[in-house]
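Have a look at the structure that comes next, please.
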Amino acid sequence: MSKFEINRRGLLKSTAAAGAGLALPTMFTSSAWSAGYLNEPKGSTVTFGFNVPQTGAYADEGADELRAYELAVEHINGEGDGGMLNTFSSKALQGNGVNGKKVVFVTGDTQTKSDAARASAKRMIEKDGAIMITGGSSSGVAIAVQGLCQDAGVIFMAGLTHSNDTTGKDKRANGFRHFFNTEMSGAALAPVLKNNYGSDRVAYHLTADYTWGWSQEGSIKKYTEALGWKTAAAVRTPLGAGDFSQYITPVLNSGADVLVLNHYGRDMVNSLTQAVQFGLRDKQVNGKDFAIVVPLYSRLMAQGAGENVKGIFGSTNWHWSLQDEGSKAFVKSFGQKYGFPPSQAAHTCYSQAILYADACQRAGTFMPSGVGAALEGFEFDGLGNGPTEYRAADHQCFKDVLVVKGKENPSSKFDVLEVVEVTPRAQVEYPADMLGGELGPYNNGA
Amino acid sequence: MKMFSMDKKDILLFLCFSVAVLTGPIILEPFGAGYPDLLQKFAIFGIFALGFNILFGLTGYLSFGHAAFLGMGSYTAVWTFKLLSMNPIPAIVFATVMGGLFAALIGFISLRRSGIYFSILTLAFAQMSYNLAYSVLTPITNGETGLQLNQADPRVLDVMFGRDYGAVLPSSDFFGLDMTGYPGFYFCGIVLIICFFIAMRIFRSPFGMMLRAIKSNQNRMNYTGFNTRPYTLAAFVISGMYAGLAGGLMAVTDPLAGAERMQWTASGEVVLMTILGGAGTLLGPVIGAGAIKYFENIFSAFNEGILMGIYDFLPETLQHIMVSVSGLFVGEGWHLTLGALFMLIVIFLPGGLMEGFNRIKTLVTNRTGGGSDGAATPAAAE
Amino acid sequence: MDAILLQILNGLDKGGAYALIALGLTIIFGTLGVVNFAHGALFMLGAFCAVSVKAVLSLERVVEDPNQLTAWGTPMEIRTPFVEVWFGDFGATILDYSVPVSILIAIPVMLLIGIAMERGLVRFFYKRAHADQILVTFGLAIVLQEIVKAQFGANPIPQPAPEAASGMIDFGIMVGIDAGNVVYPAWRLIYFVFSAVVIGAVFAFLQFTTFGMVVRAGMADRETVGLLGIDIDRRFTIVFGIAAIVAGLAGAMYTPILSPDYHMGMDFLVLSFVVVVVGGMGSLTGAVSAGFLLGILQSFASMNEVKDILPGIDQIIIYLIAVVILLVRPRGLMGRKGVMEH
Amino acid sequence: MAILSVENVNKRFGGLKALDNVNLQIDAGTVHAIIGPNGAGKSTLLNCFVGRLEPDTGSVMFDGSSLLGIQPHQINQLGVSRVFQTPEIFGNLSLLENVMIPAFAKRDGSFTMNAWMSVSSESDLRDMAMDMLADVGLEAKSADIAGQLSRGDKRRLELAMCLVQQPKLLLLDEPTAGMARADTNNTIDLMKRIAERGVTMVVIEHDMHVVFSLADKISVLAQGTVIVEDLPENIKGDPRVQEAYLGGAHL
């Protein structure tokens, strides 16, 4: 009993700062108590854990994330051309690792399943001594792993996760997200939709029937209805339905003139392809051109939909055609190493790794509470999204959001999206308490 | 005394098994598998497969829906944590009971059919459970994200006994012993040993013999005066309880329950574990479970850097060739290795890994001259 | 009314794919007694025949243009498909028709794959337990899909229908409904007709050829046919090849509807087993009718009017129907007694 | 006193009348043989006794209770055991287990959740089963797997499985079919010994040597109906029987 409470009390920031720490064999760390923290690096290296989908539907995104992580590690350790470290506004990192320690990494396969992702993260924490876990390509997995990292006492730097819940109702002190969310997508898209389609529209939603889909649907509805749009129907589709024809044909005669596809990944590719196949893009309803909207775009997935994305609006966290110095530096260094441009998943993962390393350097420790404090309220620039802030209240990055459109005349197979609007950060900001949830205290693990 | 009468061989097997489980962290350390989470998974999936084997290995009824009971157990356990107490005992008790009840319901309907029709019925029920848990049942299951603990959960019993977890998220603890890490493994390990003991009793009991007889010739069982339905249903419920218990333990060591635990691939996994290890043998399923979990967690973690390290002794060009060749089979290619392994095992060792061990054993005993004796050992002792 | 007609069309379309996969599955089961968990993988391989044909046709001549640079500083590559370089507009047309063209390639390729699978692996499992067959073919399915993934990646690869078939056809007019109410994508109508033709061809082949007669006799009573001195094994090898062709064609033609990825076979596997069992193991007509039946019912269950009453029904409809049918008709719609019950 | 009484049993398969108003009385403690040409309905009749088939009309009473409308296992629990034309045994289990299982059914009823005790602690049943195996001459093979036995041994095993239950009525469907002459004689001896213990037996048999060595009474079935029922010595000369067989078996 008493042991348990001391253990938990040990999390408090004040004691944690004392942190000389005892060297403990990993075998006993989880139950032992000390002023140190879990997996405190003792040697000349510090281990990052990259937890990405290597099998399953998002394996390609996972592979791209892993490439970005490897690049980030190179840059942090002073190899390669330094990439975005050269444009990053914080100059704490010297290209000699972090806190004098060289960064090494371990990898794991999330399989895009919560259980597998947690098992893999646990392995990296328990066996490989990872000090931080990062990665992932879906919100369910991100929230599951974030919860695990909170329990275990390491920092979690979320990869591609778009649901509000990650930094909303399921937020955790040890978790940080650079990627944007459905709320921001809605806020950023709405003005562009108004400019292009007017304020007298009837929308029909097809929504992937799970939490992210609902979150997306809610945000888009909220912002488009504020424009004066009506919502004809919001239909839930099973995850991985494959053929969506039975959901698309009712759209034809529903009187709706906009179809919103709250789908991601393969569902997005299939529903969009099929919606175009059913002639929706060329249709006229209520005297207006029928429009399709894909609120969350991923360039990798857009490639899968081929020609069908042409002219279709959506939002994205980052795109390689951006012309700011940070983006250019990143695209150059990624393109030279791998021969093709990075995806937004790669970008957010690279940024997260850099941001984490930088925070550790500035804090002078790897202790989660110390690193967290360095990240909270941190304002930076030069990572491709303009001036950005890690908001202290919910550990969410606030930055400009890109509204993109499927390109009419792509010059290469990577060139499928064009940026039509960079919605400024002020427009997508929302009060921290709006989405509920509780950060709770940091957990340093030991 | 008669209650616990066991053959000498069985006592020896049981003791060896217990020692192996309890010294798992040391034995498995050299293989890189001696860390708590994987050890917990070995124990938990060992229980799952042991239970599945009581149905499939003994009666021959191939269920493709056992993951539903595992998921049921997990949800029940997390709800028990939320509503009653963070102590694992009520959680696993309720998980086992709910797993059993759910199995009774599905078994009662599915066992009206046999063969592949039975398999498809169980598959259909499990897929319905999964699809609903993922979507419309989200208020109960928290859908895709998975059911998680909350600081604000009531935890009636804990409150009654004055346990206060303060501002942090509670984790499951056995009267003060945190159920993560090694204590969590030992908790699961001891449950596994108990489950193994029970499975062993069932295997050696008249009930177990009747189940094997049903697999052998259901017709004859009927004309011999046995009502086979209650037997198969009992086996189904017992294996459902094992699955529920395993699901409960998953929640104990890691308080989160996701719908994907109920997906058909998860049901398929336990089938593969059982067949891989050796269906109908006592030890096989546990070994099969260990093998698959080992692959999933260790092989998937190999990346180029690690491979370069392994082939460090080779000249550089050769090193690169070896790394790219083996890279196909590990890391993101671990599925390929698993698929190939299934094929090799089924082609060359139809009885699973256990048959492999037995063959090696026979080979060794033959070499040392004690062969004829061993070969005559009646299979009836199994 | 129009909505219902549209849903029937949707169902027939989906049902066409289900029926084709289930047909092959049940032929293999009926003749060889093998539960083939790699059948979904055959469907996937068929789809990737189309992908490969397109990839080969669009092999590009790469010319580096040193005057233009990519975003990462290397010279921009100007890529032109060789077929266009060599054949000009005609080449572009061939490329446009890559999916139909791929059928011609898919037939011999799938036949070879099927024969190789039967001779190299499956034939050793005729006498083994169904559980063993399931495990070995499942292992094969994983191996096949991982190979495809290593080659083509995990993301879907778009396979557009030929320009001429990517428009809409006013189906309503054909059945006497006002113009513009029931319009349907041309390719989907083609797919339905195609599946009907393939099903018809398989039935005709089994019905009217001597080969087919022997196979049907073998399905009914393998031992007796074996006793007649007919080399049933060689014929069954070809049967396996035919089943592979049927699955492969279903996959290749389906690619414009569903962008293929390495995992699509697994997604269809469970479904097609449900279809086969609902139809009755080993029954050809059962498999086909169950395929269309489930396709149509799935479409109806997805209608808003239905979902409003029974939320989530579209998630479980297939399985629910399977349960009901198996409880009412123990051996599926048209199953024979004693098949696969032990 | 009749232990099994069959009255006015009819059974149709589609247009075919398989059993046509069959009446039969089997006296307790006797061996009753049913003979007749192929397709006469002998096996169909036997199937009606054990719950495999349900007659369209008529009644089958055994020891005061009806055998119709109840499950095969319930019929067995009433004391009716059956030996099949192709031996139905537990091919994957040992001979000893094959015989112990019916013994359990006899002792514990149709379902007992006996999952905790060990089979090996059931020495009484084991001894009983071993005695029974000795009785049929298979005790040396008690640890062998039953599926590997010769056809004749399988039959004897099945017989042992039925006898260990000490049935009140034993139904035998061609118990010596496919056996060599020596084996047949052994089986006849065995059945004689069983009969001496007072077990009622109904035997379907083609081998007239067997029939006449065993039967106390014989019924002749032709085209689904009992044409003659008499003592063995009277059957041989009966013209109706000759006619029914008409070039069939030698009488």
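Labels A, B, C and D are assigned to the chains in the order they are written; within every chain, residues are numbered from 1.
Keep in mind that, in the parts below, contacts are C-beta pairs under 8 Å (C-beta built on N, C-alpha and C of every residue); 3 or more make two chains touch, one makes a residue touch a chain.
This is a predicted model, so every value here is computed, not measured.
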Reference chain D; chain at largest CA-centroid distance: A
Per the C-alpha centroid definition, the whole-Å distance linking chain C and chain D comes out as 52
How big is the gap, in whole Å, between where the Cα atoms of chain A centre and where those of chain B centre? 34
What whole-number Å value describes the gap between the mean CA coordinates of chain B and chain D? 45
Need the CA-centroid distance for the pair chain A / chain C, whole Å please. 36
Going through chain B residue by residue, note those that touch at least 2 other chains and give them in order. 131, 134-136, 335
Quick check on chain C: which residues sit in contact with 2+ other chains? 312, 315
Overlap residues in chain D, where contacts from two or more other chains coincide: none
Full enumeration of touching chain pairs: A-B, A-C, B-C, B-D
Given the complex, residues on chain A that touch chain C span 56-60, 63, 209, 233, 235-238, 240, 242-243, 245-247, 249-250, 252-253, 266, 269-270, 273-274, 277-279, 300-301, 303-308, 320-321, 328, 331-336, 339, 341, 412
In their shared complex, chain B is touched by residues of chain A numbered 1, 3-4, 7-8, 11, 26-31, 54-55, 59, 62-63, 66, 104-109, 113-116, 118-120, 122-124, 126-127, 138-140, 143-144, 147-148, 150-152, 165, 170, 209-212, 236, 238-239, 438, 440-441, 443
Chain B residues touching chain A in their complex are 25, 32, 35-38, 41, 131, 134-136, 138, 142-146, 148, 151, 165-169, 171, 173, 175-176, 178, 180-183, 250, 254, 256, 258, 260-261, 296-297, 300-301, 303, 305, 331-332, 334-335
Report the residues of chain D in contact with chain B in the complex, numbered from low to high. 50, 71-73, 76-77, 81-82, 84, 88-94, 96-97, 100-102, 104-106, 108-122, 143-145, 161, 165
Chain B-facing residues of chain C, complex: 35, 121, 124, 128, 130-132, 134-136, 138-143, 146-147, 150, 270, 273-274, 277, 281, 311-312, 315-316, 318-320, 322-323, 326-327, 330-332, 340-342
